[in-house]
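Per-chain numbering from 1; labels A, B, C, D, E and F assigned in written order.
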Amino acid sequence: MENKEIWLESLITATPQEGRELAVKMARKSVAAIQTDPEVRKKLRNDYAADTAQLIASAQVIALEFQTVARANNYWK
Amino acid sequence: MENKEIWLESLITATPQEGRELAVKMARKSVAAIQTDPEVRKKLRNDYAADTAQLIASAQVIALEFQTVARANNYWK
Amino acid sequence: MENKEIWLESLITATPQEGRELAVKMARKSVAAIQTDPEVRKKLRNDYAADTAQLIASAQVIALEFQTVARANNYWK
Amino acid sequence: MENKEIWLESLITATPQEGRELAVKMARKSVAAIQTDPEVRKKLRNDYAADTAQLIASAQVIALEFQTVARANNYWK
Amino acid sequence: MENKEIWLESLITATPQEGRELAVKMARKSVAAIQTDPEVRKKLRNDYAADTAQLIASAQVIALEFQTVARANNYWK
Amino acid sequence: MENKEIWLESLITATPQEGRELAVKMARKSVAAIQTDPEVRKKLRNDYAADTAQLIASAQVIALEFQTVARANNYWK
């Protein structure tokens, strides 16, 4: 289940907004680790992007990943 | 999936209540990162704003984002 | 989506139990930030107060908010 | 929504197991803060105590509350 | 609601894997605190062990409990 | 319920990406602790890998486990 592509070299980002983008990326990569077929993921994304329960559940995952990124960056203070 | 608009310059807010508002904004921006069409989001918001399960799920996302904002601000102590 | 009323001046409370009450209030205010009509919220509250899944989901939100309040107060030690 | 009964004087407990019991109590008190009728709660408890999804959701709330209690007690070290 | 059996004397374990086992035990004990009949729990376990949504929800509870155990042990560093 | 195989010797990994892989492994091992039959798990995995709600729920578990791994590694700073 290992991704050979190195997509996460560091949790450090220059700005909080880049930290948000990294959190979104981390969440997507988790989904890709389980559903490895990009065509299936593309089809599924169209389904859940119009389902509010799943949009909110995705926002929760992003919030959790961002907690980790924000701490790694000491909140960019 | 990157938002070109810079909406998150800092996690620092003057007051706890502004920290709450930032947490709500962060949660909404996560939804916008996945469902990029504002018209679709507007329609969906009307649906979920009257669905208690989804209101509670949204409150959970806000609680998680606020944990991050509160820590960044050292709880405004 | 900003609430003009200042309802959160500080995360500091005199006692742990007041901290619980603040956590419950924070959770309710999140719901109010999304569903701004108090009549709609009143009707919805009657529905979900007898739905165990939603009572448990609400308890989860309160637990998360209380984590933040407790840390702000250094656990009232 | 305030409970006049003082049920949470401190987050400090003598042992980890008492900390677990406090976490369970905190979770139950959250449910009571929303559904204030003990007869309704009693009936609902019989329903959800045989529903695995809700048992697992309850265990998640207890886990979150216990995180807070454990930190308050510095893990009883 | 108190368990008279002392099953949690300490959060300290010798190894990370024993920490995982303790987290699984803590999650199971939460379920037992709500559904006190072991025969009912046995029957329910057979049901949810083949339901992926509930397996994933159980994994989330274990992840939360393990966060607490890991911190108590300072990550076994 | 104990796994005799030692699969978690340490939370320390050389890189953040290996930390992600460990988080995914920890999440899978939790599922295996509850559903011990690998054939049943294989069949279930095919089911949930095409169900967006369950993919998102899995991503949430990975996010939680990664929080623990990241802290153990001091964010690989």
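One rule holds in what follows: a contact is a pair of C-beta atoms (placed from the backbone, for glycine too) under 8 Å apart; a residue touches a chain by one contact, two chains touch by 3 or more.
What you are looking at is a predicted structure, and each value in this text was computed from that prediction instead of being measured.
Number of steps on the shortest path from chain A to chain E, with steps defined by chain touch: 2.
Common neighbours of chain B and chain F, by the contact definition above: A.
Distance from chain D peaks, on a Cα-centroid basis, for A. Superposition angle, chain B onto chain C, using Cα atoms only: 60 degrees, a multiple of 5 between 0 and 180.
Look at the contact of chain E with chain F and you find different residues on each copy: under half of the numbers used there are shared. Computed from the mean C-alpha positions, the centre of chain D lies at a distance of 16 Å from the centre of chain E. Rounded to whole angstrom, the centroid-to-centroid distance between chain B and chain E, based on C-alpha atoms, equals 32 Å.
In chain A, the positions touching at least two other chains are 45, 48, 53, 57-58, 60, 64, 67, 71.
In terms of inter-chain touching, the protein chains here make up one closed cycle, each touching precisely two others.
The ring sequence of chains is given as D, E, F, A, B, C, with chain D as the starting point and chain E next.
Residues 15-17, 20-21, 24-25, 28, 48-50, 52-53, 55-60, 62-64, 66-67, 70-71, 75-77 of chain F are the ones touching chain A in the complex. Across the interface of their complex, chain B is touched by residues 1-3, 6-12, 26-27, 29-31, 33-35, 40, 44-45, 47-48, 51, 53-54, 57-58, 60-61, 64-65, 67-68, 71-72 of chain C.
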